[in-house]
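Below: a set of structures, written as structure tokens.
In what follows, chain A forms one complex with chain B and a second complex with chain C.
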Partner chain A sequence: MVQDMRLIELKGVCKSFGDTHVLHDVDLYIRKCEFITLLGPSGCGKTTLLRIIGGFDMPSSGEVLFEGKDMTGIPPYKRRINTVFQKYALFNHLNVYDNIAFGLNLKTPEQLGVKTKKEKKDEIARRVGRMLKLVKMEGYEKRSTDALSGGQQQRIAIARALVNEPEVLLLDEPLGALDLKLRKEMQLELKAMQQQLGITFIYVTHDQEEALTMSDTIAVMNGGRVQQIGDPKRIYDEPKNAFVADFIGESNILDGVMLQDDLVKFSGTEFQCVDEGFGTNAPVDVVVRPEDIMIVGEDVGMLAGTVESVIFKGVHYEMMIRGEGAGESILWKVHSTTMQPVGTRVGMTIVPYNIHIMRKATTADAVPVAQAAEEEA
Partner chain B sequence: MVRNNRTVRSVRAVWMTLLMLFLYAPILVMIALSFNASVSRSQWTGFTLDWYVKLFHDPAILGALRTTIEVAVIATVISTVIGTLGAIGMHAMNAGMANVLINVSYLPMTTPDIVTGVSLMLMYLFCHVPLGKWTMIMAHIAFDIPYVLFSVMPKLKQMNPNLYEAALDLGCHPVKALYKVIIPEITPGIFTGALLAFTMSLDDFVISYFTSSDMYPNLSRIVYASTKLGVKPTMYALSTLMFATILILLILVNKRTKLENL
Partner chain C sequence: MKRSWYATPYALWMLLFAVVPLLFVCWYAFTTPDGAFTTANFREFAKPRYVGVILRSLKLALYCTAVCLVIGYPTAWFLAGRGFNHAQSLVVLILLPMWMNLLLRTYAMMTLLDDNGVLNAALQALGLGKIHIIGTEGAVLMGLVYNYLPFMVLPIYTVLKKMDYSVIEAAEDLGCNPLRVFTRVVIPMSVPGIVSGVTMVFMPAVTSFAISTLLSNGKLRLAGDLIDYIFNQSSNPNRWNIGSSFSLMMLVLILISIGFLRKVDPDSEGGGMW
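Take a look at the complex of A and B:
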């Protein structure tokens, strides 16, 4: 199937700037026509990885393959890849039309499928017109780029890249400067464009919600390493380690012991779960999403606790609930549509398939995870 | 309280007036004399434009005007090209190396003109290059370059670093990216630099004096030579025109710099 064709493949890519190691041995492949997001906190190396794919930076070691051929030393202007830059990078000395036509003007008439210069001009006008329609900016041809709002500049930057009909479009936090509402609209539009054009999109963001909304595949990065690759649902439901669990969505991450297959103990209580193969009495990290904890009567729950704080979050209430007995050190984050007043004693229940078990991160990994979580906060 | 004090305010006004007089009185006197009908420096006998008319009928002065403009134009064009390319190169360098070069480029701006002039003259003589128009032009290029450099550098610093990459991304060869994107983007800085270089060229006397000969006098040299024979009012007229031209050019440069920093 075309879907499974590996368009770009990174093999053991490392990158250092002086003594700073930004990427460690990254292996990653990108399939044709997929929307892949490189997701991670600032400084995780995601932008550097994108720049290596674009040809703006060279890897210190490792290979970048394009359709199986090594393209490590190929300059950006010879790659069938175009980029939407973080701060748009529109050419201020050119108007909207000339910005979009920039790449096409550099091509010969033959490359555009026509014979004469006159025909080339007409062909460019046709393609630019089509792009302006795609990004909903018809009628703005003669405008100066300074006269556009952030969102409009972003649309022109996208049109300027897409008009060249690249195999791959790279997007470096393209929506970072837009307000929330506009950002949500653009997310859907970008996704629609990608599906309509059938181009591979490689998208960089630190916004996990954005990644979950748009992507076919997410590569979660931290500390210059890819932590986990998978489709959004898998990443959300089955985070591979505490970093991913913490970075994607909200979670309660607890110390636990895997007593045997399908039985885990945390917060001083034994729970049925659906995870196997960890051995017996193995220390593990346990992830429970706040929305997966059900509040029940104080005496019928698997756990009991007292509500310490309540915040209204729009769709749900976020409650912090202090555990009891052996679980006294645990402050549970619980999302629920019904509110329990502060000071109420409640019971909590978790069903087996909502308990996610992860192998304990080694101490070496644990430090950057904590740092990254702080940065994000 | 001190601010509203009347004495303080009047002292301030008197001080300002004295300062302005000290700076501009000589020039004002010269401008006034250039319109004086009498040759005498001590009495006003009526307004006239005769000296200006005479000025434009004096072949020596017209020749010097031509030399001055020719030198300024050639030096401006060449120094603008060298300065702009130099600025782009320095901008692309690593910070340490660029800093050394920037400081080295500052030096000629702070060196006294007489030192620059004498040292250039010595170099020409040492290399057996006869002094003339071209030695003067080369000297002008040398002292103009820093002005272009320091007008262009800030523009490059302000520029979005992704612009160059965007040009490469859209299919430009590095050289093409330079003239299709970088140069247009920093044009305001280049223009300011050229204007400044042109002004400095017109303005210069000391360096020109040492690097040229009497065979190819420029305007400032003519003015200087005439003082030896007793100054004629045509010289006041000429100096007034030079002052006005340079004033206008500097106002232009200033306005441009302000506009660019908006």
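Take a look at the complex of A and C:
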């Protein structure tokens, strides 16, 4: 894998529909052979961004570069990009075979590396056969697309796009209509296909778990801006702002004060942490993941609280614990494999590197969060 | 009560006013006025003047269907377009002439196309000189197109309107330029609408009645006019029998054309989509 080759680069891309600003000044680059996910709540602009890359919408300003060359104004049919649409968009006047062969049929024999029309037909048959095998739909060639289940239609839509051997495959929430089990299967299959074929995948979803499972890189979007770009682990462990922390996984987000480097105060208690450079006595957002809070004996913890509710979640219990302490009392969400009955008084401990400090939404780079909150209200 | 019972009034109506009369038509077509079996009635139509009428009917109906398709498809495409907000009112405008009686419409057409009519007055005002159109096949064709065009636009519009726009984007995505999007996806996917439209224009056009007589000053008769003539004006003592056999032949002709259209689109009900 060529790690640092920038295949697609977006520079200052803005998009408005009338008075509605959907994208604000998006900068993003996509490396060759990367699986990148645009992740965000509905209305965050992720689908619009995908459509701009695909050529279905033009940016209002800014540019889209493909291998360094400006793509603005080049229609979709001239781009080496294929798309898997949200509702599959299969051609119901054609059978499964002809749906997959659609793109290849449009090409000249030379483009397929053969000479005659007869050879073209054979080449198409070979490639379609290979795709049907890849998506595990052999034997369905003559079926009508209307006679397929959602999962099968999805596979055909993927095969129809991949058979053209695009440089980039765009996927717009392709698994949204499938049931949970099938969705999990398809996630792994898509990831395996991407690695096997060495094609760049740009994937749009609002499902953070899906994004974490499949992606090499995640771009978290909200309010038409990219909030954070990074690999899944980094996004999860080091969310850049409260929005990302809240959207990716579950979080306790608290008001705190950074007293000095490596020392933060929240919930009326001072904690050691590993963050520096915030200055002294700076107001900050503190994020603690529910699974990073350890329940200990009621008198030995850094914090104390009383269990208010317990929900069994399969692998763990989710407990809401009402903290005790000076000032306002905080309701902590805690994940633990051991259950504490409602009403139990417990102690809680957090190790320094599990305390994530981020700037308050008053500083420049966190403005989108505040804006997003306004838009949702 | 079983659901099928609710259709009883319709079934009775059809039995009384369609099936039974059709049986009468068959009876008359194959008998002499004395009630003896014969196929002689059908042989009447080997006469050149009758053959000519049938051929003219078929020709004009085909032309009419073709013109309606050529005018109607782009219209339907325009009306069904995304971001066009006045589609509903324009559809009403297309339907508006149908709210008027067919004869009234055709009389209006006569005054438009007359040698001293509106069209010629306009042409003269533009300094282009008069054209003689009333009484020609051209005038009849215009009359047919005018009357049956809405039947072409509406079914195609309905199909195009229902078409998912992402299908068009998918075609572009897979390498279709705008022309190929149209020929490879839009037209094939609108075949059910085209079949409906063609059926609903061709069938009434081939059996149309009065339009031709009026617009040709009685010079050009079509199949419908001929049947009318045989039943009502001919002095032939066999007129009911000959007229019936002619009606029967037209029926077979229409059945054949429906059969042909069903081959193009097996899902269609021979144009009964609305």
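To be clear about the criterion, the second predicted complex is superposed on the first by the 359 of 377 C-alpha atoms of A that agree within 3 Å, B and C clash if a C-alpha of one lies under 4 Å from a C-alpha of the other, contacts with A are read in each partner's own complex, and residues count from 1 in each chain.
In this text, contacts are C-beta pairs under 8 Å (C-beta built on N, C-alpha and C of every residue); 3 or more make two chains touch, one makes a residue touch a chain.
Everything numeric here is computed off the predicted structure, so don't read it as measured data.
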(message) In the superposed model built on chain A, check whether chain B and chain C fit or clash.
(response) clash
(request) Considering only touches as defined above, state whether A:H21 meets chain B (first), chain C (second), both or neither. (result) neither
(request) Please work out whether A:K360 is in contact with chain B alone, chain C alone, both, or neither, and reply first, second, both or neither. (result) neither
(message) I'd like to know which partner A:K107 touches here: chain B for first, chain C for second, both or neither.
(response) both
(request) Could you list which residues of chain A make contact with chain B in one structure and with chain C in the other? (result) 54-56, 75-77, 81-83, 85-87, 89, 91-94, 102-103, 106-107, 160-161, 164
(message) Can you tell me which positions in chain C touch chain A when the two form their complex?
(response) 164, 166-167, 169-177, 180, 184-185, 188-189, 191
(message) Which residues of chain A touch chain C once you look at their complex with the stated criterion?
(response) 54-56, 75-77, 81-83, 85-87, 89-94, 102-103, 106-107, 160-161, 164
(request) Spell out the part of chain B that touches chain A in their complex, as residue ranges. (result) 160, 162-163, 165-173, 176, 180-181, 184-185, 187
(message) Please output the residues of chain A touching chain B within their complex, sorted ascending.
(response) 54-56, 75-77, 81-83, 85-87, 89, 91-94, 102-103, 106-107, 160-161, 164
